[in-house]
Amino acid sequence: MPSEIDTIKAQLALQSIETPSWAYGNTGTRFKVFHGNGVARTPYEKIDDAAMVHRLTGVAPSIAIHIPWDQVDDYSKLATYAEENNIAIGAINPNVFQEDEYRLGSVCNPSEKVRQKAVNHILDCIDIAKETKSGHLSLWFADGSNYVGQDSIRSRQDRLAESLATVYSALPETMTLLLEYKFFEPAFYHTDVPDWGTSLVHCLALGPRAKVLVDTGHHAPGTNIEMIVAVLLRAERLGGFHFNSRYYADDDLMVGSADPFGLFRIMNEVVAGSALNGDVAFMLDQCHNIEPKVPAVIRSIMNVQEATAKALLVDRGALSEAQGRGDVLAAHEVLMDAFSHDVRPLLGEMREEMGLQKDPLRAYWSSDYQKRITAERATGQVAGWGA
Amino acid sequence: MPSEIDTIKAQLALQSIETPSWAYGNTGTRFKVFHGNGVARTPYEKIDDAAMVHRLTGVAPSIAIHIPWDQVDDYSKLATYAEENNIAIGAINPNVFQEDEYRLGSVCNPSEKVRQKAVNHILDCIDIAKETKSGHLSLWFADGSNYVGQDSIRSRQDRLAESLATVYSALPETMTLLLEYKFFEPAFYHTDVPDWGTSLVHCLALGPRAKVLVDTGHHAPGTNIEMIVAVLLRAERLGGFHFNSRYYADDDLMVGSADPFGLFRIMNEVVAGSALNGDVAFMLDQCHNIEPKVPAVIRSIMNVQEATAKALLVDRGALSEAQGRGDVLAAHEVLMDAFSHDVRPLLGEMREEMGLQKDPLRAYWSSDYQKRITAERATGQVAGWGA
Amino acid sequence: MPSEIDTIKAQLALQSIETPSWAYGNTGTRFKVFHGNGVARTPYEKIDDAAMVHRLTGVAPSIAIHIPWDQVDDYSKLATYAEENNIAIGAINPNVFQEDEYRLGSVCNPSEKVRQKAVNHILDCIDIAKETKSGHLSLWFADGSNYVGQDSIRSRQDRLAESLATVYSALPETMTLLLEYKFFEPAFYHTDVPDWGTSLVHCLALGPRAKVLVDTGHHAPGTNIEMIVAVLLRAERLGGFHFNSRYYADDDLMVGSADPFGLFRIMNEVVAGSALNGDVAFMLDQCHNIEPKVPAVIRSIMNVQEATAKALLVDRGALSEAQGRGDVLAAHEVLMDAFSHDVRPLLGEMREEMGLQKDPLRAYWSSDYQKRITAERATGQVAGWGA
Amino acid sequence: MPSEIDTIKAQLALQSIETPSWAYGNTGTRFKVFHGNGVARTPYEKIDDAAMVHRLTGVAPSIAIHIPWDQVDDYSKLATYAEENNIAIGAINPNVFQEDEYRLGSVCNPSEKVRQKAVNHILDCIDIAKETKSGHLSLWFADGSNYVGQDSIRSRQDRLAESLATVYSALPETMTLLLEYKFFEPAFYHTDVPDWGTSLVHCLALGPRAKVLVDTGHHAPGTNIEMIVAVLLRAERLGGFHFNSRYYADDDLMVGSADPFGLFRIMNEVVAGSALNGDVAFMLDQCHNIEPKVPAVIRSIMNVQEATAKALLVDRGALSEAQGRGDVLAAHEVLMDAFSHDVRPLLGEMREEMGLQKDPLRAYWSSDYQKRITAERATGQVAGWGA
């Protein structure tokens, strides 16, 4: 069925996966930040790396930034630089967890002064977003507590609601607020937005441009993430994804490396919900602690593409038919059949039709990019998480 | 502070913990149902047991029933019998998972006919509730799937919403619909109402008399249950609890036996949210697989009482003051201090003031109740789960 | 590299995957046992089903039995019947958990009399094994406790050691004792053999013919099973596998249905450890609660074959070379490349070379077997777990 | 039973809980290290803090050190300083994870040169131990991998065994090697010593002075830690504890703050195994990220004492009798009765008999210690993890 394959390739060519500026800097665990070669030192160099990734993959046309990690004097200049490199500035991620004042939280802090400081920073980020023409304000709060009784869970919800209301009221019509949830870490006893339900409760109170952000690494063990995707799509509140993978906690490994089948199941729900090339934002959120950054990002994008291609291969007619007659094995087999396919040739073809090389990773290594950045960035302070 | 203690005792005396009819019958794991002595054989004998529990504890004035496990010809007669024994019929629990037709689910089944059958059974249960003057329709669905692709997660949500709407529209003003969620089991791949968020989404669509039911054993490992309690109380959608305890899955052990500190944290959130003696229903949902049933229920009630007493002992002024100034250790200590108290003497006093014996368990064993039921119920078919 | 592919096909053709008699009977959860069509009623019919599976797959030459579920008067007659059907009786699984006396355990029970009864049953099973020429005594104990303090963990270890010593001393030279561990269920607080470490401690005390049995569903969430496989192979104490898959607990789903990547990682460790076609026993241990039994077993075997084929495709030279130079991405890619292959054509070829049809599942449905057993087994009591 | 209480108090007075030098420095998560007031700047100041803790509690007579975090020019001088402050240097903890060369591991690294470097550092630590008269070499390895295929699990086991053999052969007779295991982190895919079983396998290969170290935060969710304690005590291979508590991962919270009941169950197994005041080492291993360090350590010690006191209160005669007759509820109640006691008055008495103040935490705050260190340590570089 050649025409169907063409449709699939067309959808894959349209896919858009945002890469995060912080993936191009050094990251680590609480035990150690290892130092790689050729790591970006400035927001501009991160844009260089993101642009390289987009040149090779064709599906990574924007870069998310984190403020203040990517603080610059002139954001319109930064946006122009990105544009000249053929990419856009994507989601703006305000950082309200790396100052000593945030020891007990930011927008949920018992101190009104600290909450105000955090809200002000987010408002500043909205201004930055206007300058960079970003469509997403992506909010993740490290807020929570470590010990029972440390603070009132309920009061913190009220403070959160109040802070978010202020932020939302400043949001231009062109922007969407994404509220990320996280099961645990860095708060260990309770987290103020621990699950999609809490995020949704706040989004519903805010308005239609507030949506839930699903980070694939932010769930309890055993959580069925595609179920959450289905429920949020049905509620029209799925704002986007932070992709990564993990074995146990929020490991921030390359997406698809630990759970290729899980990633396929998520993309299958996205495709089934007609949400592939629409309003939902697909973003990576990863830490390349021990592997070289740029190729790790390329590999991650390829993994998302492979999962997407498999999801597009699902024979939805046969699936629906088998489901309808309650044939458990046949319905299951339709999905497994799609997953079993080796979609790399299909993706290679698609890339060639886009004027790219078949294998972006090989293309990267056969270019001199890594050699060049290793040399150019040998001195100076490389970018990092700032922890 | 004697007057404060009196207030605490008064609140404890008012507490109401519903016991479930199925706790008085035989239950087991998928591997084996062990047979105990003196196990109830009929709904009437279950009422006898529940009444005995209430006589000894003074805080268990109602019994939840499960239909068809507790099917009788004349429900008003059953309610009268309960009343004569000084207890009431509590929540009605429709069972839509134990017929072969429910192999692929009940209200979410791909077959409209099966869905209709399930909805009809629930509507029948509303009629029963009217006869027994029950205030709660308690819904738990075993619906879900075992294999990826087996059915459409999204379509099942639509079917669920439609089924629930029919049920809700038949609900008398005097009743509340409780929608229970469960992380997993008996469906293993996906569950149609797996978490409080999904339950809440449906309750919001239904109306104000639809509320979320929290079963303490139905969460992923590491889930902070008191956080859910706080969020649902804030949203005015906490309908009630199914109490039990567990180490790993839905073990249905005696509440407080595995996690006395967790139970205290939950009750602390209930007390902090002024929800102790109001609309929230406190119910046991347990399986006494290897221990004698009636004393196990008594012990469970005592465990809830101890956790509640500790929660009432929390010095809320000192707590709030320490939280306000961000004193982590002091705030934490206020809660730990309450938990460290041995509240058994306080509860013993309270019981004596209620005209009861100090220790209900000792009172049970010094009565001849167990001996009597062992003799009386030696023959015939004992009640069970019907699995 | 055709010759390499031939070697791979030769190894796949030699593979031996034992199917369990209980997979051909009815099973269920604690909530419900659903009734399927054409389910085996006797040990002889289970052998018929297992033989059919072997006829179609060519790699399932034995059937494990469970005593007393598969109790017959004459075991040599049963073995002969199997032989006539071209399969063998595999592991003997003594069942010491389904009598009321085992409420507090079997070989760890506080009562010496109960322990003796359990040991005697296992000794009887050794006699059965002699008659059926089985090579494996496969021991799983449901022993444990539900409540803290219920019994002495330490004393139960002593009783376990003593019971096992008696059993081991009766074991003929030709047999291996496999000691299975399980994280939880049906005991909820503690399990007497909860992990591979405890199993190994006892095996070391017994002697070289006592080995650890790894059931893929019996681990805590997040456990790296292939790590256990590697460590046990290194210690020469990996006795075999009980294959199945799961999302959360011991779901006993079709192996590879929930975790195809995990299964591949396990088989990769088996192949890397040169343990594919040697002493390690590969057995299914599954419950087909909602799907038809025989095709579910066939699909499971195919899943194991696909994972094995992918593991055999791993380019071990390239892997080792990349690992040696610390190239994280390249080494990882070698494994992912093998996993990404669609090995179904390779397996189809191999089957045709074995004189089988390419696709055993399609071959099953195009035969009249299911129709025939549905008709023949329409009446009478089907086999089940006996719970 | 006054004489029994005296015995209990005597055992409690003899208890010895080692505090870790790193608890007195700054620590944090990968997101942020918050800066506290009065944090120790040098190994000497850490000794000051540990000595203060011992002065107030009477049961913390030694301090564990971490090399190179506590590197000094003259270790015998350090030991003398400790001695003058009435405490001893406890376990020596070699750090082989914070140099760039350890990116792919230390003693399991694919590079022989790196392994040698790690082994040499550990051998140096044995020399330090000789100078400080330490009895324990405490080994924890951050070794593992993040991606499937990154390295050979099996080869790494061989390298580990070889490295440990070299270390063990250099160990003086007076020392015990403790091999700590950890479920995950900082390696995310596999950890080279992930569980007690792997640690035990290596200890058995080494010899009788190699024992397993149980860190209470290093287990999969749902793991029954007291079971591990019982099994290791029975095998005579429990070397000691790293105490802390957690809700989900290795949170390193104050021991007993998240799981007072779990801590009681562990101490109960210790007491039942007659291991309280013998060879087993009781050590804290915690990170006080948001709370003041010294009082957090004091509170942690008090929590261990309370759990121990409750374990000592268990009526072992009654317990054993109830267990023997299989009375589940009665046996369970014996343990719960001990746990329900408020043991703080008993511990207060004991402290007064030791010449201490009743409440060490109140004693701390009424001293001027915190004020003094806050002033004295206001300038300079405070000690930290060095990440």
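A, B, C and D are the chain letters, set down in written order, and residue numbers restart from 1 in every chain.
We adopt the following convention: a residue touches a chain if its C-beta (ideal position, glycine included) is under 8 Å from a C-beta of that chain, and two chains touch if they have at least 3 such contacts.
What you are looking at is a predicted structure, and each value in this text was computed from that prediction instead of being measured.
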{"item": "Set of chains whose contacts include both chain C and chain A", "value": "B, D"}
{"item": "Homomeric contact chain B-chain D: same or different residue positions, threshold half", "value": "same"}
{"item": "Pair of chains joined by more contacts [C-beta pairs], C-D or A-D", "value": "C-D"}
{"item": "Averaged-CA centre spacing for the pair chain D and chain C, given as whole angstrom", "value": "39"}
{"item": "Cα-centroid distance, chain A relative to chain D, in whole angstrom", "value": "38"}
{"item": "Junction residues of chain C - those touching two or more other chains", "value": "103-104, 146-148, 183-184, 189, 221-222, 224, 247-248, 257, 290-291, 328-329, 332-333, 336"}
{"item": "Residue ranges of chain B touching chain D (in the complex, touch as defined)", "value": "221-222, 224, 247-248, 257, 259-261, 290-292, 295-296, 299, 306, 328-329, 332-333, 336, 339-342, 344, 361"}
{"item": "Parts of chain B lying in touch with chain A, wherever the complex brings them together", "value": "103-104, 110-111, 146-155, 157-158, 183-184, 189-191, 194-198, 200-201, 204, 219-224, 226-228, 230-231, 233-235, 265, 269, 272-273, 319-320, 323-326, 328-329, 331-336"}
{"item": "Chain A to chain D touching residues, read off their complex", "value": "27-35, 97-98, 100, 102-104, 142, 146-148, 183-186, 188-189, 221, 246-249, 251, 253-254, 257-258, 289-291, 385, 387"}
